[in-house]
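In the two complexes below, chain A is the common chain; its partner is chain B in one and chain C in the other.
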Partner chain A sequence: MTFNSLYFIFIFLPLTVFLVWIVPQKAKKTVLVLISFLFYAWGNPRNLLFLLGSILFNYMTGIQMGMLREQGREKTLKRVLTAAAAADILLLCLFKYTAAGLPVGISFYTFSVLSYLFDIMQEAAEPQRNLLNFALYVSFFPKITSGPIAQYRDMEKQISKIRISQPQLFRGLQLFLVGLAKKVLLADQLGAAFSMVTAQSRMSVLSAWLGMALYSLQLYYDFSGYSDMAIGLAGIFGFEIKPNFNYPYLSKSVSEFWRRWHISLGAWFRQYVYIPLGGNRVSDSRLFMNLLIVWTLTGIWHGSGLNFIVWGLWHGMFVILERFVIKDRFDRVPRIFRILMTDLIAFFGWVFFFSPSFSAAAGYIGQMFGAGGMGIIDRAGIYYLVQYAVLLIAALLGSVKVIRWLITRLFYRNSLRLGESALNMAAFIGTIIMLICITAGLISNTYQSFLYFQF
Partner chain B sequence: MTRILEIKWICYGAMLALLFAAIVRVTPSKAPFDQVEAAVIASADMEKLTEGDSLMIRRLYGLDQSAYQGAALYYPASNMGAEELLLIQMKDSAQQKTIEEAIRSRIKTQKKNFDGYGIEQMGLLSNSLIEEKGNYILFAVAEDPAVIRDAFLEAL
Partner chain C sequence: MNEKRKALREKMLRENVMIIQALLIMVFVVIFALINIIVPDRLYSQEENRALMQHPSASGRDLADGSYFSDLETSYSDQFVLRDKWVMLQANLARLTGRTELNDVFIGKKKYLMAKPVVPDETRTAEITDAINAFRAAHEKLNTQVMLVPDAANILKDKLPKYTPLHDQVADLTAFSQKLDPEITWLDALSPLQAHGSEEIFYHTDHHWTSAGAKYVFEYNAHDMGISSVLRDYDRYVVSDEFEGTLAAKTGLHRTKDAIEVYTPLGTDVEYYVSYPDTNEKSTSMFHSEALDQKDQYTVFFGGNHPLVEIHTTADTTRSLLVFKDSYANSFLQFLYPYYKNIVLIDPRYYYDNAEPLISTHGITDVMILYSADTLFEDTSLADCLNAMRY
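And then the complex of A and B:
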């Protein structure tokens, strides 16, 4: 089941909210865990067995680590952690790199359980004695399929007692709808446009660059939309999960881009790989190696293909360049040029991301520089550019805060002048209009999965 | 403590066993794509079908033909036809989910197209089959899809 299906929006979600709301406080957690299991098992019950196995295995490892710490057996504790983390990663790799069929969300929940074990090791959290609490942390349905990868230290207190309030419910619902609108009204349309443009057997330079831009925006709206939905859903049930995106296409450097794009994954690698390797407080050569390791792992996390490793290293290369060569040399360059340069690097990197293999990516890049033999500009390229111009401009403006600025400036401030009740009424009407547009989009369009489900 | 250790690793062993069972089940077939395609075509009524190119695969299913080891589409020759064949040889198992979703979406679209007037077509679509074996996926909408499935499985 996915967040953008009519069944989820109009049946599963309302029933879940109703059920969790009416059951006594003591039973809320049990209900949420059972619903999360049902959500995860939907369509493929086999996957639930692996999730349950992972929950039990890591829960017991946590208990074991707690016992060893009480006994002061630090060396054994490290060995237990290493063995368990290796076992978790081995299972993930076996799934990713064999023909077994990847259970949806396994990359995300494996990183969640690893976060739990590392937090115990780093004494940032206590071992969880309550199996139900741990099961909720790992399987909580808003975040299980594609994150955000909430670190255990941030969730520890929240899972021990569920607090649901009306303001949180409404805020959560609003964020969910914003995410859904991003997915249905923009990402899916951009995806359809990308498919049409790249369906040409040979592309002109214009078409190839247009395809790259369309995919870059599609991925942003698809994944940030999903993240908004997940964070909004978590909010409905009283959980606070940190934002996963912060207008990444407004970044002035690649390093900044990664503090704004898939924030939870970057934070995970920083917390559990980069800092334990020594972070910034090491020699330049060691720092270079640390960055290389982190970026190779980031690439590998996304997939086993050479294209993903190249994509990770592509970003790593610019982060390293910014760190060692560029430093503050570009500070005087106008902000807009630095943003455009960063976007160009990020957009170019997505070619490795959407291509099924490294050779396909190389072929696509060739077409971006005229290897398609269709010239720089052709009729098809102009046709698609004109046809998708409005969509492209709307998506671009939305990705760089302009739409948010307009809403705040024109709608929020004017409504505020009329008083709080007018503001609430305007927000309510806006929400209803958005819901109608989304429903119409979901009914008229064919179903589009989320791009990050493949990881 | 020993008890915890035992239970923990038994649990992990069970997961590995399940995983290996899954790997064995989906071991890729070495049969060449052309051979499997020929067997499938031979078992179907091709008079009602037209061969589709990569553009048509993208248009009807939203799938990129070049992303797969092999992909062949035979779609209805007339607007009133519902018969269809899609055969895909995957490059890796991660592609399976996308293909399944694309097929389900296609069925949904076709049902929407024929809803209310195409009783026969709706019957064919409801009776359609999706067969997955190893690295191959077959989608068949036909009068007797079981015959096509048997030919497909035999060819693998």
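And then the complex of A and C:
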């Protein structure tokens, strides 16, 4: 089940919230874990077995690591950690590289359990003795399928005692709505636009660039919307998870992009790969290697194809360039150009991301430079541009903070000279319109009218 | 100090808005959740032309393979209160943002909705032309004719949205006709439709041609069909003026309604009756007025698609016609019946028998393959049906 399903929004979520709120404090955690299991098993109960297995295995590993530490057997501790982490990663790879049907969210929850083991190793957290707490950490339903990959050190306190509060509930609901709006009103529409534009057998330069822009925006709204929903949901149940996106398309460099895009993944690699490898306090050649390793792994984490590795290295290449060659040389270049340059690099990178294979990506890039033989601008390109102009502009403005800035200016900084009650009324009406549009969008996604009989 | 007060005020305002939004979400969700429980479920969607998913019952196996849960989600969205209205709203919102194409339908000028042409698949088309040619080779004595009707978008080009990249179906038709055995008569539907492009030859809300469109094509081709004295005077009846067809349903846009006309030729005393072997019904008219109470009023012609339909007439002729067809033919037959003794209609999409014996039992002299190009280019059943007749 996904958060943007009608059943989730109108049945599963309200019932879950109701249940967790009314049961006594002692039972809340158990209820939340059981609901998380149900959520995860939804649609494919087999997957739950893998999850349960992973929870038990890593729970016991943690306990064992704690014992070894008490006994001061650091060497054995390291060996146990290596073996357990290797087993977790091996299982993940096994699923990724064979056609065995990847269990939902396994990339995310594997990284969660690894974070737990590494945190024990780095002495950033204690081994969790309570199995229920650990099960909640791994399976907590808002984050299990698509993250954010919350690090164990940040969750350790929160899972030991569930504290539900009304302000958090309200903030969570608001964030959930924002995320849902991003997903339904923008990402889904952008996705449909992208498939239409790229369904052309041969594309003009205009169409190919339009397709790239549509996908780049779709991916941002899809993922950041889903992250917002996840963080909002976590808040409803009293959990604080750090933001996963921070206007990445406003980044002035690729390194900055990765501190603003899928923040939890970048942080994970920094915390558990980059820093253990020595961070930036190593020789240049070693640093170069470290960066290369991190970016290759980042690519591999996203998918098993060569195109994902190329995509990871594409970003890695610019990070390395920025580190060794560019340094602060561009600091005097106006901000806007640096942002545009970074976005161009990021957008270009997504071509490897959305293409089914490396050669398909190469073919697409060819069309971006005229290999489609349809010229620079053609009728079809103009047609799609006109079709989606409003959507595209709205999405672009939203992604570079302009819409947020406008709302703040107009409503909160009182440029409209609205009184408090008028502002509240505007919020009231605006929210109702949003809810209606979202519901209409969700239902339309399932609409399929047949010309002939379907039984 | 002033700055600090401003910041405090902004914080308070944001908090208010947050509370309003949070409460509204809860109220909205709870209200619709309750309404959905109260409002009874529907079995069938007229708009979508399909059975809606019902609330699943939990069996052990469905629980184990997870299908119970996905059915639960599907049934919830299928049964959501005012489902069609929500879709309509979404379609209109999309239009507001400048969309001129929804669900593979162009939103044209003059309230025309036009289906996006089907792009033919070469191997599939070759299978069809091969099957037709083989059929003709095996039935040399029969006069075989083929007519493909181009879709509205390729005829009413001036009503398409600006810059529409339109797939050239005219070229597809030409290519198709050139692959046919020269002994087969190619009936040209394109020219008469183009000539009358400013008239109501296609419905605004449906993917079919109108009776008027069919009439022009018939009159243009009658000679090639071997009909010498064509009746050109008709009684014309408007049987409905509130037809909303498949394209309105597909887009969710209900901007206009169509009129349906039926024609009866004047100056002939030929009578006929229609028999439907699939339902064992017989009727003295090909028009089914009860269809006008239903959603798909195009089924006024023959009550919709049947695997097999037979028309027997009092015409003083030895000619009998076998038609392989899709629903486009349903409104074409009103012009044909005075000229044949028997007319047998086969819809290969629903007809699974060998049609060969029908040729001798009904004394067939002429064969017509009559399809809309969009159906034929996606079709697999015609080739199967024709190939089955060789054995």
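Please note the rule applied: the second predicted complex is superposed on the first by the 427 of 455 C-alpha atoms of A that agree within 3 Å, B and C clash if a C-alpha of one lies under 4 Å from a C-alpha of the other, contacts with A are read in each partner's own complex, and residues count from 1 in each chain.
Operating definition for what follows: a contact is a pair of C-beta atoms (placed from the backbone, for glycine too) under 8 Å apart; a residue touches a chain by one contact, two chains touch by 3 or more.
For clarity, every value in this text was computed on a predicted model and none was experimentally measured.
Contacts of A:Leu49 after superposition: chain B is touched, whereas chain C is not reached.
Once chain A of one complex is fitted onto chain A of the other, the partner contacts of A:Ile106 are absent, as it touches neither chain B nor chain C.
In the superposition on chain A, no contact is made by A:Val254 with either chain B or chain C.
Once the two complexes are overlaid on the shared chain, A:Thr61 sits against chain B while remaining clear of chain C. By the touch criterion defined above, A:Val351 lies against neither chain B nor chain C after alignment on the C-alpha atoms of chain A. For chain A, the partner that touches more of its residues is C, with chain B and chain C as the two candidates.
Contacts of A:Met121 after superposition: neither chain B nor chain C is touched. When the two structures are aligned on the shared chain, A:Ser195 is found in touch with chain B, with no touch to chain C.
Of the residues of chain A, those at positions 46, 196, 446-449, 453-454 touch chain B in one of the two structures and chain C in the other. On the chain C side of its complex with chain A, the touching residues are 6, 10, 13-14, 16-22, 24-26, 28-30, 32-33, 36, 47-51, 63-66, 69-70, 72-74, 76-78, 80, 83, 86-87, 89-91, 93-94, 97-101, 103, 161-165, 207, 246, 249-250, 252, 305, 349.
Here chain A touches chain B in the complex through residues 46, 49-50, 53-54, 56-57, 60-61, 63-64, 67, 87, 91, 94-96, 98-102, 104, 192, 195-196, 198-199, 201, 303, 356-357, 360, 446-449, 453-454, going by the rule given at the top.
Chain B meets chain A in the complex at residues 1, 4-5, 7-8, 11-12, 14-16, 18-19, 22-23, 26-28, 54-55, 58-59, 62, 64, 66-67, 91-94, 96-98, 101, 104-106, 108-109, 134-135.
By the touch criterion given at the top, residues 1, 5-7, 9-11, 13-14, 41-46, 169-171, 173-174, 176-177, 189, 196, 200, 378-380, 382-383, 386-391, 408, 411-413, 420, 423-424, 427-428, 431-432, 435-437, 439-444, 446-455 of chain A touch chain C in their complex.
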